[in-house]
Amino acid sequence: MEWVPGASMDSLKHAVQQGKKEIRVGDIVISRDTFTVIAGPCSVESREQIIETAKAVKFAGAQLLRGGAFKPRTSPYSFQGLGKEGLEHLAAARQESGLPIVTEVMDTQDIPLVAQYADVLQIGARNMHNFALLKALGNINRPVILKRGMSATIPELLSAAEYIMHAGNHQVILCERGIRTFENSTRYTLDLNAVPVLQELSNLPVFVDPSHGIGIRRHVPAMAKAAVAAGCSGLLIEVHPHPEQALSDKEQQLDFGEFTQLMAEVRRMRGK
Amino acid sequence: MEWVPGASMDSLKHAVQQGKKEIRVGDIVISRDTFTVIAGPCSVESREQIIETAKAVKFAGAQLLRGGAFKPRTSPYSFQGLGKEGLEHLAAARQESGLPIVTEVMDTQDIPLVAQYADVLQIGARNMHNFALLKALGNINRPVILKRGMSATIPELLSAAEYIMHAGNHQVILCERGIRTFENSTRYTLDLNAVPVLQELSNLPVFVDPSHGIGIRRHVPAMAKAAVAAGCSGLLIEVHPHPEQALSDKEQQLDFGEFTQLMAEVRRMRGK
Amino acid sequence: MEWVPGASMDSLKHAVQQGKKEIRVGDIVISRDTFTVIAGPCSVESREQIIETAKAVKFAGAQLLRGGAFKPRTSPYSFQGLGKEGLEHLAAARQESGLPIVTEVMDTQDIPLVAQYADVLQIGARNMHNFALLKALGNINRPVILKRGMSATIPELLSAAEYIMHAGNHQVILCERGIRTFENSTRYTLDLNAVPVLQELSNLPVFVDPSHGIGIRRHVPAMAKAAVAAGCSGLLIEVHPHPEQALSDKEQQLDFGEFTQLMAEVRRMRGK
Amino acid sequence: MEWVPGASMDSLKHAVQQGKKEIRVGDIVISRDTFTVIAGPCSVESREQIIETAKAVKFAGAQLLRGGAFKPRTSPYSFQGLGKEGLEHLAAARQESGLPIVTEVMDTQDIPLVAQYADVLQIGARNMHNFALLKALGNINRPVILKRGMSATIPELLSAAEYIMHAGNHQVILCERGIRTFENSTRYTLDLNAVPVLQELSNLPVFVDPSHGIGIRRHVPAMAKAAVAAGCSGLLIEVHPHPEQALSDKEQQLDFGEFTQLMAEVRRMRGK
């Protein structure tokens, strides 16, 4: 009568390994013993926007810069990202700020191009079950941040990581970003339960994206702090110079002041 | 095309009021400006068990004692609680420890009996939509802790509170305790998003029950701390002298040592 | 790692029994071998309304009349039903039409009153986990139609039935009426999968309520026919003389013409 | 406070168009006025297996043959399909049976290869939000059957169709195949509500896959008939010569006898 969704944990050879796991991005070490913040706009909109944001989030304490060049949008009539031009702007922002860059890749055919620019490749929630993409990212030598699908169980998230690792790339960071439930007062339901459960089942770093997880700008800081208290190894936060003018996700991006204050509170929580 | 579940916020006169709200239980003030911990076993199992637990949780820093005398159990063949005898044990534990007691009432007919013993009455998640019970508790002068139904939206939780308040009893504490989702690695999905959202929509104190919210004993402390960081006004924690021997919820109760350590960490987080 | 929600089937002694099960309401036999339609308004609104509806649904082929006197409403400011007066109107409609009546009871204290009037007592979805009510209905000699809670698993529905049967009343009809999911284009998600699964696990008759299950009047007939094709033993359909003027559930009630046409199509499907 | 998931219907230019829509596959016309059955194994396992199945399902009344060559599997250690060899076996089965073939494409890079063999391309549930794939399939001249993502709302399914149509390919068939909910007695929850709702919102043919929708072989026929009664324009059914030996989805495939009987019942329902 019982149905067991997802993969059996027994079948996973890599994602469930124990022992210390360190992922290096330049001088930055991402692991269970460190804490890392990735910040930046949902979409790269212009060279100025991304450079300005890079400097601001670095000043506030972020260690990596995020920004979308290829955007997965529900409607084909929404802004789809700047593509290659966006990647070039990201590279310029890295040059100016010194921050390594994280950006999403949506298709196997784009991997060579994106890998040319990005320090860390992101797999978005909508592609967590894009097995061709997972396998292809297993063949490159670049850390991957893997976002949980909006209806993926915890074993399925680990199985997706296993695809990447099985193909040879062990530099995987898991990211909880909210799941889809009946509750629609918030964009998604941020599942912080996943943090300790994933940490027990695997040795991969577990990050949290509170921006998508609640989807309401003024409540992002509360959820970011909750994620820290739950024990995550890093945060992924959307930050934009002028959130209300953003071309995507305008409801959930922090401005520089809000992000700076959040970082101060996170440091205080972590006793730093 | 769009369906709006739950009640419209506009129709709520009491639950959405702003301004400071204080609920008093003896000397204890429960409000947005205070932080209160309610702890104790899922079920009252014996006089010794509840007295021992009362003393232990008081020593660790809890301000109220919880314990179930009437238990809502999925199966009629499971332990159903000690009933009136359980209430008498709770009264003895209050006498011994000085802690006010919180216990669940499951039926309108039991209200006179339970109200004779309890300082705070609890409405369980399975009864959040028991409108007869909500109305009846609106007629008594005793604080009520109202747990969110496992599939209740945030507007529906506030509407349930409105039933109690509309009938005349304004001493309502809201409690997030996990919602039912597709994820079954954990007992429920603790919805901490609900904390800031409820706090914005109403002036009622918002508590969190991480014990039910994750349902896995070793992960309860992480979720308790996450709830504190999200900004809740109190916690409801299941504590038992010997969790592995508990007659109900044995998978999620903390022992005295675990609870004491959690309380120390919570105090540190709150800077006390 | 795996969490098994709901009750174990092994612990159920009555709800999972096999063999033919017949429930009699006057001359009507409700069982796996028969097909029964219960129809009527969401709420009894006046003597004329319920008598007119009783005659119309009888003429169209319904065998029982439904109508709510005590209404579970999300908001305390919504119409709460006519109470005892509604029961009297139902009795009058029975007198005029000859149809037995089905009505909801929401609280243990109301059972004596409601049982005085109703031929079949209904437990609504919001009370499926009201264990005090389940136990109390186990002590009376009257068939009970038990609606699935909006987030109740199939084992939990059977456990709720077990409560009633364990207390001595074996005349239980199960009713699927839609579950709560992320999909909000419809009021609930009608889970017709539950029909064959419940029929395999127990010998109780399984009914379907497509009115609540989809919540959109013009789509109710499609779902009613789907339920028949899935093999259910009966339907519960909301019918109102003037749905657009109904005091509750106006979006989902059929008018007499729509119901009459649906009944003709259902008879055709069933080869009668 | 209200969150509106998915795309606004207003923004869709193609998927929401009304008027008769016909999709031709050889002599077969797929539309709201016709009824089409696609049947075959989950995976192509050998030339013999697929040819034998093609003949059997044709004899029983199916009009198209399905079979997976590239398989999306949760675990990298599960059978991943025969790839190009599988496509060749499918072509041989088409040759032998005369049935056009339907097979899944999982990655943009595979489109030229798969399109060389398949008469209809399938987008699986896990790729419904793979926007790169949707866009690429918009550029080819071949019908596409688009399966609903397991957590996709109805507006999101229509938006995914819009991606394909916006890029130029208007030959899209929608397919409901079960959504993910808390209920785990069945593999997914088949959402038949989606059939009339999708038919009202768009003019695209709406198919149903009861095999995945319930995931329990002995209950697939009940759900197939329910889907027909709900008004769908076609069925997608998994059929295997020896389901218990299948390399994938062994719990939900029908054998030839079961499928033949189901087809007879479906014809009877449709009055043919």
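In order of appearance the chains are A, B, C and D, and numbering begins at 1 in each one.
The rule is short, and it goes like this: a contact is a pair of C-beta atoms (placed from the backbone, for glycine too) under 8 Å apart; a residue touches a chain by one contact, two chains touch by 3 or more.
Here the structure is a predicted model, which means the values were calculated and not measured.
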Q | Chain pair repeating B-C, as identified from A-C, A-D or A-B when over half of the contact pairs by residue number coincide | A | A-D
Q | Interface numbering overlap (same over half, different under half) for chain A and chain C | A | same
Q) Between chain A and chain D, what is the gap in Å from one C-alpha centre to the other? A) 32
**Q.** Chain centre separation in whole Å, for chain D relative to chain B (CA means)
**A.** 47
Q: Could you give the separation in Å between the centres of chain C and chain D, each centre being the mean of its C-alpha atoms?
A: 34
Q. Tell me, which residues of chain A touch at least two other chains?
A. 1-2, 5, 151, 155, 180-182, 184-186
(Q) Taking the touch rule as given, give the residues of chain A at its contact with chain C in the complex, in rising order. (A) 1-2, 4, 9, 151, 155, 180-182, 184, 201
**Q.** Contact set on chain B toward chain A in their complex
**A.** 5, 151, 153-155, 179, 181-186, 189-197, 200, 213-214, 216, 218-219, 222-223, 225-231, 269
Q: Please name which positions on chain B make contact with chain C in the complex.
A: 1-3, 5-8, 11-12, 72-77, 106-110, 126-127, 129-133, 135, 149-151, 156, 159, 162-163, 166-167, 180, 184-187, 215
